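Please read through the structure below; I'll follow up with questions.
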Amino acid sequence: DPTIEPLIVKAFSGKLIIPSFKEFKKLVEEVFEDVRDCKDGKAADYIPQLARVDPDLWGLSVCTVDGQRFNLGDFEKIYTIQSTSKPFTYAMALDLYGSDYVQEYVSAEPSGEGFNEICLDDNNKPHNPMINAGAIVTSSLVKPELNLADRFEYMMNIFRKLSGGTYVGFNNSVYLSEKSVADRNFALGYYMKENDCFPKGSCLKTILEFYFQLCSIETKCSAHCIMAGTLANGGVCPITGEEVLDDVSVQHTLSLMLSCGMYDYSGQFAYKIGLPAKSGVSGSILVVIPNVMAICLYSPRLDKLGNSSRGLLFMEKLLKKVNLHQFDSDNNAAKIDP
Amino acid sequence: DPTIEPLIVKAFSGKLIIPSFKEFKKLVEEVFEDVRDCKDGKAADYIPQLARVDPDLWGLSVCTVDGQRFNLGDFEKIYTIQSTSKPFTYAMALDLYGSDYVQEYVSAEPSGEGFNEICLDDNNKPHNPMINAGAIVTSSLVKPELNLADRFEYMMNIFRKLSGGTYVGFNNSVYLSEKSVADRNFALGYYMKENDCFPKGSCLKTILEFYFQLCSIETKCSAHCIMAGTLANGGVCPITGEEVLDDVSVQHTLSLMLSCGMYDYSGQFAYKIGLPAKSGVSGSILVVIPNVMAICLYSPRLDKLGNSSRGLLFMEKLLKKVNLHQFDSDNNAAKIDP
Amino acid sequence: DPTIEPLIVKAFSGKLIIPSFKEFKKLVEEVFEDVRDCKDGKAADYIPQLARVDPDLWGLSVCTVDGQRFNLGDFEKIYTIQSTSKPFTYAMALDLYGSDYVQEYVSAEPSGEGFNEICLDDNNKPHNPMINAGAIVTSSLVKPELNLADRFEYMMNIFRKLSGGTYVGFNNSVYLSEKSVADRNFALGYYMKENDCFPKGSCLKTILEFYFQLCSIETKCSAHCIMAGTLANGGVCPITGEEVLDDVSVQHTLSLMLSCGMYDYSGQFAYKIGLPAKSGVSGSILVVIPNVMAICLYSPRLDKLGNSSRGLLFMEKLLKKVNLHQFDSDNNAAKIDP
Amino acid sequence: DPTIEPLIVKAFSGKLIIPSFKEFKKLVEEVFEDVRDCKDGKAADYIPQLARVDPDLWGLSVCTVDGQRFNLGDFEKIYTIQSTSKPFTYAMALDLYGSDYVQEYVSAEPSGEGFNEICLDDNNKPHNPMINAGAIVTSSLVKPELNLADRFEYMMNIFRKLSGGTYVGFNNSVYLSEKSVADRNFALGYYMKENDCFPKGSCLKTILEFYFQLCSIETKCSAHCIMAGTLANGGVCPITGEEVLDDVSVQHTLSLMLSCGMYDYSGQFAYKIGLPAKSGVSGSILVVIPNVMAICLYSPRLDKLGNSSRGLLFMEKLLKKVNLHQFDSDNNAAKIDP
């Protein structure tokens, strides 16, 4: 089991990040059950593959930076990662080409607009890589010299490493459906092509197919959470110890997850929860507590802004009990500090 | 000296937040001198009081949450706090009335617009309290039952406590000048009045006068820095130990300083520097490293977005040497961790 | 009676513009009665003086360029001219200072925005003089060297001449009410002051008071219609023969009434009715058939875009029977050509 | 010669629309020569076929509603009709399906935005048929049940009738080039497809190809002018007497040419010239004087807003001498009334 070694080393040396892990787990379980009867919102149904999913599914996984893990509920159910691919694609692009190059193509500002708005900033660049425009351009930057098969394989390999070798697959039905309802993204793509948003020589059709493929990667809560745990751990996979991403790439990615990761709720999420996160239309939310752990939530019903309703409720209730907000004061004795 | 006791207690108990304070200070001094020859930008000149200031002034103060302090350069020069009043006013409003009430009037989202734009969000509320619209509304919330003299006195008392009893004054010439060139803020004010942005019974003229007065409070680097240090310390003044603001009020305020504190550069600042901050048109920048310390920079030349050019350069150079970004990985051994 | 002479001259010389005036009148009477039971919409109630008006009032006046006139229904009821002052103020400004000067301050493009939107065009000028921003600036141009009393008297004299010496008054209650609910116009005013939209030395408060006074001029259908008839007649009052406005000023004014005179319905009105017109919040609509005649309609219930519902319905029904659209083909034999 | 008969009939009956046609022609010739040395602006060069055209070409044609014609300069040079196809396509759609049906898909308001802006009005419809969005949707309405070859043939037949059987052709090179640089129009198309702007069952690719083909129809000044003359004559071709379009369709089309036909200069053109017109990127401008005549101007250099510079200058100079503005007063004796 690739996860064991680093964890054991730390456990024996008495340096576990969350010493009271048992207590923390109990608390998470309580909140997990507490929000189970939240049936607010509606699962996405713009493609049949999403419409068919059982909306009551409810899974959760935790993975600390030193590899401690636990899973609850439907953590083995497979779903497509959708928009949660965006921060990883961005981190990979930063890793390959550096922040200066990537910022020539994608800015790093909240847009003040919807996630799929057809708009660019004052320099004719997408506002950030967490909205569709920015994610499509980011996709175009990664390994453009390879053919589409090799580009996709290249990314899959990194996703596999991010997840510590646990489950990462591809849902071709979702891919084909996404591609068939992609009017808005084609509009965005042609608009950006006209504004020279892509590297010279890019083929728009290929870029969009690549982008839809990245959205159609599938995984499950327990594996998805390890990917986020790798972000929490500065790019080093917490269960294999492999350095998958550079820590500077991860730092920049976390900054943008904090400001732009939860669609139009990003500002409120940063205000209330204060943690880098990214949600996807399948109903998953990745939450990163830097240098501590990651939490992955999966519940398909979405609120009006596109975030999992039960997932959000879980985070709000958890934060009332645990000291996780980035700006929680050390003076705050009322809460548990994990 | 009110600053001594808590610091001494901690120093003797061996629990100082920055054990290598001496090393950190040396590093700050180096960067301070390194950027001194940066003469980029232009001091504000829209009122004569600002236009007359020596643009070469360069001051810096540091204040840790356990009260360790040091000051460099022109740290005794008096200036008006201008927009750096905004986070404090917001924190005071939160303290008095709670986040739910305050959010009924002011949202917590980046606006994607200029700081003085005449626009409200979809609920007809200002986007956040760090832009003029939001700051004007926030001002209207604080102690509306008092007359203007008592309201101002109430605020001054808190500013004095935030600064640990060091210098806070009022510049009447600046106030009168600000009021005389306030077309945009009057436009904003009437627009918000029409949209019922203010509590019932508010008098717009009084609100704007109050707002201009808060901008015309004057202080100096060393005192200003203690105010920010109080934010770094969860609302407890680091040199007096007095709890001036509730830690939840401070947490919310820091969230918005991170996402919206540096005008249109806020996204880039969060990306590169990753710390809550607020700048003002006088040329000051407050930077908060939560639970660690605050830095106050003062240099009047502003870049095109309205932030002190030399102040920004200082932060960028400092961050290359010290591990301060909120999302710096603990794995990053190349930098000093203060 | 000042109206008699020119009409008699023309009548005797057999050169009346509408030879079948009797037939035309009969047709108008039919449509007038036909739409009487239209009770759509709601009278303005943002000030008590408007809220108190009987919403069932229904008046109509016609005035040909050779002075033939007739009146129906409540044509003697007094109401304030409100926004129908805008084209006249604009024509007066053109008359005094010429189109080049006036266009330095007010553009001549449809705005694509609401009538009271706080926005300027790319040159920081109001889009046109038929929206509030443009009308306020236009007001500021007229006789700025006079004191407010004399400026108002100057305008009143022209309004009196436009109406051929029939009734023009002033409603001080409406003026005081308008001034007291003018947040949006004050917001607009300060915004434009900041953008240097007014001639140097202008006092915003005076300009706005002047503007509200022009909106508070009162008249009645029969007199209001003669004012519009003067526009139909190239600036020459059809009942006195006095040249009140230059024909070039009138031509420019009619162009903007056609493109911008009916609030957000202007495009549809130009499309369906094809005639220069201007409506006001009291419920009046002035329609100009250049070189032929003017029609004034008065019915207080407004549709959602702010135009008199019954007035609009009347015009639509009339146009189905009479050949009045500017682009009606001479080949169209099915309609009467008045 | 198909043009002769109706003209002769009228000439013999002494009812010619412009009795002093000889005098008018002389005046036009003077202005035509007067503006010949205007070399302002730059010919379109976004496709090689346009870039290669001699920018000094200067042609003019006049066609009265009773078939009197004359031509000057390069009136025989062939060019593509480009955006001047828009009003004709719109008129054909109105003719086939009526204004109510067509307005379900395309509104009739100036947009306040650029001609190729990616935006729809509040009802998710293009603002008007004179901008690209509206013209693309209008194209989709015409004979959707036919295959592309038959649809195009259907349109060509009407264009031939509009021109009285004079020259109308197709430039396949321009078509292929237009299609290859069409990113913006594809962006627009996909955006509108997503917003259900097209009739059910429409194929976007086919619609856009059809639209580009309509833009690539070619003609020459003398023939182009007869098409516009048919609009001036209420839909009846002035040289054949054939009723090609219904007069109501023409009336609506002229309304929109007046308000929206000259790109972002439409407002100014309506203000100064006051006549329905449409310009195209090849450098042609069609001007319609309803019930009187049409003028076609051809000069490839365009100003910044996309209208032929020399063409505009010609119209301004002509209007100073002749009484053509729709709102010219009959009282204006200083000008010639043709």
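As written, the chains take the letters A, B, C and D, and residue 1 is the first residue of each chain.
Operating definition for what follows: contacts are C-beta pairs under 8 Å (C-beta built on N, C-alpha and C of every residue); 3 or more make two chains touch, one makes a residue touch a chain.
The structure displayed is predicted, hence computed values, not measured ones.
Shared contact partners of chain C and chain D do not exist in this assembly. With centres defined by CA atoms alone, the chain at the far end from chain D is B. Interface matching across A-B, B-C or A-D places the copy of C-D, with more than half of contact pairs shared by residue number, at A-B. If you lay the C-alpha trace of chain A over that of chain D, the rotation comes to 180 degrees, to the nearest 5.
Computed from the mean C-alpha positions, the centre of chain B lies at a distance of 52 Å from the centre of chain C.
With centres taken as mean Cα positions, chain C sits 59 Å from chain A. Work out the mean CA point of chain A and of chain B, and you get 32 Å between them.
Residue positions of chain A touching 2 or more other chains: there are none. Shown here, the protein chains touch around one cycle, each chain meeting exactly two partners.
By the definition given earlier, chain contacts exist for A-B, A-D, B-C, C-D. For chain A in complex with chain D, the touching residues are 118, 183-184, 186-191, 193-194. Of all residues in chain C, those touching chain D in their complex are 107-113, 127-128, 233-236, 247, 250-252, 254-256, 258-259, 264, 266-268, 270-271, 274, 276, 290-291, 325-332.
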